[in-house]
Every structure is written in structure tokens, then in C-alpha cells.
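Next come two complexes, and both contain chain A; in the first it sits with chain B, in the second with chain C.
And now, the complex of A and B:
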């Protein structure tokens, strides 16, 4: 499959909700999509296009918006594809990929912990690296790296 | 169990819910070794991040340097010379053997077999000696650079390296005899920690754990990077999907790594040449801009781009994604850690076994918390 074929098949199904399919050297492409169709798009990629393996989920803080990106791998086509969606910084929420790929669980917890993106429908959205009760999301650009901070650690009671 | 339990091999915690001796549910807890490598990377020059890569996985430093460098070169639009690529692949494969030997030693120690532990550590030292002879370090190499590698191999290196890998090939036979004929090993490994291929794929498990379930997915073969498409090797697989299967896959991977190393050594003998790209932008080599000399800064021409690399690291599928928005530092660096996902999938492969089975099962995952927590 080529990038243009992927673009054609996705646009036929989702229309204007696919904001663009960019060339990405070494990958099938970079699909920019509207967060409203996240779950449908994930299901299309897994069931129809054969991307059975969710390789990574991460987020970037662009200050005026937050970008969430996904890398998928297909065992049949032996190719990676990248998905990317932009979220508003005041309500960075997107549907969770856990119902489609169980492995998204740890990835999404990491993206929530470090970049502060919320994943709707995640079964257990807690911090993964920073302690529970920590006030910041360290990978945000507003995080001051050189300032000492008051660490308040809550200990889980169970 | 943890964070300071001999089973964990690093700092992480496993909450285990049990009923008598039987495991009902587990929950891995991470973050004890989080150093914010992705955050620090945003504040560093590309060549300075290589220092962090050695600390990301401290038993497979060169694999992580390789991973980052390939993504960085894509983001900066730089082509390394072919000789540098061969040296990188040779380094990565030797590092794979060293990492698997470390795993072999620690895993057998967990089972109570002390002889393999001593053998594994002894033989890994030979590879560290090789690394020392051309990188100057035994653990934190800082050897690869954007555009190539720091220096060429020293005189007589290829012959020394051949001697070491020949010697190792004999030792692999001995390792197998030691373990597979041991009653302790068989009783504690056969049929434990079974994770079948469909579940492994769904849970994102990669590397030797996935290939022990019969899958043939190996990024070196499926999506060749560097010069892997010019090298002959087989993908090591097993079909038992248990702890013994993971042992067999890693042993075979070491033999295949020797095979790849020999081909690289032959090529390097025949093809002398440069190991750094010419025409590198000057700011890549000069780590700090002269203070107060803004005119010097303004003259610079920064490219923009995205870099993406995925590699078959000793533990599984490792990835790097670099966003370069024009500047001396990357805007965002994201790493995919195979160990984090392989540990997290313990929710799937631990329940049903007994508490005493946890050390061999988690040992077979080959945990490296440095890359897991980053």
C-alpha cells in the first residue's frame, strides 16, 4: 500500500474528518485526524488495515495545542504508520485506545502523567512514573525545570 | 515484591494479590528510576543526548545510541557513510550478546544456579574489553555521533574480535549443556509464564518474549535499518511460549549475532574509508554558542523535520520519535521502551501461577528498569 492509497481509502470512509495524510520517509504515512473519530479510526486500522500492534502513544505540548501521536505496526504489510491529532490545551481529551489495543493502557498512562492528556474511557488512568498527588505534568513547556518544588507524596492505602 | 527485592533486577514494585499460594492479580508499579530523560533531551544538543542514551539502558547502551542516532539523522537530514553503519551494526550485535549474557547470568542466579552466573559474567567481560579498545569505556560509551561514529576501529581489532566470537560460540554449547540438562532449570522453567502469540500481540509484547511464542516478527528482518538488509541471519524463534522458550530464543539470538558480527568484520576489513559524514553543519560539533555573539547564531541555518526509528533492541522493539522544529535542540523526544510494556503485560501472564514462580517468570522478561522508567 502507498501513502496515496491510504489517503484515498481513509477519505472515502471518513471524509473531511481526515485532516490530511502526509508523506513520512520510511513509514506508510502520517495521518492527521479529528479527535471525534478516534475510536472509529482505530478500529478501521486494526480490523480493516491489519495494524494489530500499537507500538507507541505519546503527546507533544505545542503550547497553543497538544498533539497526541500513535505509531502502529502491521505484521502483514510490515510497515509502520503514524496517527496524529490536535487537542485544545484547556481540555486535552481524546478517546482511549484501550478497547482496541489493550497495550495502550501503559502508554496512555504515561502520556497523561507526563503531558497531561486525558484519555476518555481508560480503565485506570493514574500516573505511572511520577508519584500520585504530584502537581505537575513535567513534559509541558510551562514546567520550570530548574525550580525546586514542594513534593507532596500521597501513599496509597490499599 | 519490591522495590528492593532480588527478583526485580532494578527498582520497581510488583503488587501481588494472592489466594494461598496462587497469584490472583498483579500490578506492576514503575517510576522509581525516572530521571526525566525525555525532558532533559529538550534542553540538549543532539550529540549531548547520546550521553543520556547510555544511561537509558545500561546493559545495552550502544543499541540505544544507535536507535537515537538513526532518528536524529532522519530529523536533521544527514546521511552517515557506509563504514560507520557497519561499525554501528557490529557494535549493536556485540552489545546484544553482552546484554543476553548479562541476562543469562542474572536469570540463572535467580534459579539458584551459580556456575552459569559466573560463566556469563566472565564471558561478557571479553566483549566489554573489545568495547573498551575502541570506545574507551566499558559501560557508558558515548561512541556514536550524528553523521557517523566518533573514531574508527583500532589496528588489529577485527582479528581480536574474531577470536572472541569464536571462543563464545564454543561457550554457547557449554551454556546449553549446563542449563538444559539441569533438573532445577527444567523444573522451574518448563511450562511457566505461558503467553500465546495472539495475546502477546494484543498486549504489545515484543522481542524474545513474542518470538518464543512462534511469531517471526523481528524489526531487523521486517523493516531493515542501517545495513541489516545486506546481512544474512535467521530470526530465532521457539514455540513453547514459556520461560524455556525465551531462554532458547536468546541463546539462538546470540549465535545469530555472532554470524552478523563475522560478516561485518569481513566487510570492515575490505572497505576502509571515512567514519564521519563530511559537510556536517558546524553547530552540531560546537556544543555551546559563544555568549553574546548573536551574529554567529543568526548565520546558522537549521533544518526542520521528523525523525522516527524502531529497532530490535535485546529486550524487544525500541523506538524513538524526534520532533525537530528548527534549532539546536530537539523540540520533543519520545522513546518507546519495550520493557515497560513487557512488564505491564504481567497482568496477563502471571495470574494462575504460584508465588514461587514469580522470580523465574519475571526473570525471563529480562527487566532493565533504566529504559523502562527513562
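And now, the complex of A and C:
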């Protein structure tokens, strides 16, 4: 499968909700999509295109938006594809990939813990690195290191 | 006193008519007209039991100060039981100190597996905010008297991870620390030196 073929098949199914399919070195391509179609797109990739393995979910704070990206692996084509979506910083919410790929569980908890992206439909969206009750998402650009020095906030009391 | 005619006390203030002087209110004593003998008797009556009590409690205090506490201090400081709790690479040096080559047990230092059997917490490694409340819970479970050693740069001040969002910059933000051991990681000799310094500290403080 070529990147252009992938772009054609995705655009035929989702139309303008696919914001672009870019060439990317080492990958089949980088698919930018509207977060509203996340679940259908995931299901298409797993069931129709054969990307059975989700190897990574990550998130980045770009100040004016937050980007969530997914790396998928196809056993049949032996190729990776990257999915990417942009979320508004005031409501960074996207559908969870756990119902489609269970391996997304820990990755999405990490993205919630550190960057503050909420995944709708995640079965257990708890913090994974920082203690429960911690008030910040430390990989946001707005986070100041060691500020505030509030031990009550940082150490869980129970 | 002998040969004197006892002068009946004049009523000063509100003494009870016909009452013994022992029943007089204390404000009356020392007032003009109250006989000296009676006052002395009264004072002795009150003083002797109080003196006995004071003396026995003083003896008790002395015995505790001079005998019991030094013995407990000597016994405690020569049998420090640290908690067997490894956090990071310093725990390797901690473990090596109890091996054949350095043999910390010759100083009476025996690691125990339960905080309730311990009187020394050696924090050997990087403490993250996520493990911080567990560290506090372990320290609070230890019976008094108890001491803490911050072993290595991470426990002392965060070490190379001091500016990381997830690392406690110094374990003394969480628990009171008595001895800081520098090094990354400190060698077992350093750890033994820290324990001996702690023993000296315990002796000086008389805990």
C-alpha cells in the first residue's frame, strides 16, 4: 500500500474529516484527522486496513493546541502508520482507543497524567506517574518546576 | 517555748470560733497574734509528706537520669536496626555494607524487614512524590526513639534529579533527618561512617 492509496481510501470513507495524509520517512504516512471521527477511524484501521497493534499513544502541549498521536503497526503490510489529531487546550478531549486496542490503556493514562488530555470512554483513567490528588499536569508548558512548594498538594494524605 | 503561757490567738480575719489552729485558713498564718509554735507545727504537718514525695520523685528522676536512660542509650545506639528498604542504586551499596566484606553487623546494625521492629530509617535512593506518602507511613510506624539517615545525594537534596517534576528535592521535606551521607552512591565505608556518626550523635543527645 502506498501513502496515496491510503489517502484515497480514507478520503473516500471520511471525506473532509481527514485533514491530510502526509508522506513521512519510515512510515506509511501521517494521517491528520478530526477528533470527532476518532472511534470510526480507529475501527477502520484495525478491521479494514489490518493495523492490529497500537504500539504507542503520545501527547504534546503546543500551547495553542494539544496534539495526540498514535503509532499503529500492521502485521500483514509490516509497516507503521502515524495518526495525529489536534485538540483545543481548553477542552482537550478525544475518544479513547482502549475499546479498539486494549494496549492503549497505560499510554492514555500517561497522556492524561502528564499532558492533561482526557480520553472519553477509558475504563480507568487514573494518574500513572504522579500521586493521586496531585493538582498539576507537569509536562504542560505552563507548569513551573517546584512551584508551588505545597507538600499537602504533592503528598497524598491517605 | 517552755515556761511561757500560751497566748490564745486573737481572731484575725474570719477564723472559726473555737476551731483548732490547723483548721485555720492559710491566709491567717503569719498575722499578728497567731502563735509561732502552732504555725511551726502546722507547717511541719504540711511539709513532711510533701518533702517525702519530693524526695522520692527526685530519687526516681535521678535514677532515671543517671542509671536507666544511660543504659538504654548505650544499648540502643549499639544495636541500631535499620529498615531493609531499597529505593535505588544506593540500595546496592546498602546491601553490600551488610555483606561479608564490610560486615555492618559487627556494629550491631541489623536490617529488619518490618518498620515496627526498626529504629533507623536509611533512605537510600531517589524519592519521588508518588512514593513520598509511603515513606512517611513507614517512618510513622517505627516506634520511638527513631532516627533517619539520608543516604546519597538524591535523598539528601534530590541529586541530579532535583529539578524534575516528579522528585522530592531532599527527603528532609518529609521526615526529620539526623545524618546526611554524601556520595553518588556513597561507598559502604561512607555508610558505616554515617552510622557511627549517628551513634555519636545519639550519645551526645542522650536519647
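Rule of thumb we're sticking to: the second predicted complex is superposed on the first by the 147 of 158 C-alpha atoms of A that agree within 3 Å, B and C clash if a C-alpha of one lies under 4 Å from a C-alpha of the other, contacts with A are read in each partner's own complex, and residues count from 1 in each chain.
By definition in this document, a contact is a pair of C-beta atoms (placed from the backbone, for glycine too) under 8 Å apart; a residue touches a chain by one contact, two chains touch by 3 or more.
What you are looking at is a predicted structure, and each value in this text was computed from that prediction instead of being measured.
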item: In the superposition, chain B vs chain C on chain A residues touched; value: B
item: Which superposed partner A:131 touches (first chain B, second chain C, both, neither); value: both
item: Touching partner for A:79 - first (chain B), second (chain C), both, neither; value: first
item: Touching partner for A:69 - first (chain B), second (chain C), both, neither; value: first
item: Chain B/chain C common contact set on chain A; value: 129-131, 138-139, 143, 145
item: In the complex with chain B, residue positions of chain A that touch it; value: 24-27, 30, 52-56, 58, 60-61, 69, 71, 73, 75, 78-80, 82, 101-103, 105-107, 110, 114, 127-131, 138-139, 143, 145
item: Touching residues on chain C, where the partner in the complex is chain A; value: 129-130, 132-133, 136, 163-166, 169, 173-174
item: Sites on chain A touched by chain C in the complex; value: 129-131, 134, 136, 138-139, 143, 145-146, 151, 154-158
item: Residues of chain B that touch chain A when the two form their complex; value: 30-31, 34, 36, 38-39, 43, 74, 201-206, 215, 217, 222-223, 306, 308, 310, 317, 319, 321, 323, 331-332, 334, 336, 340-341, 344-345, 373-374
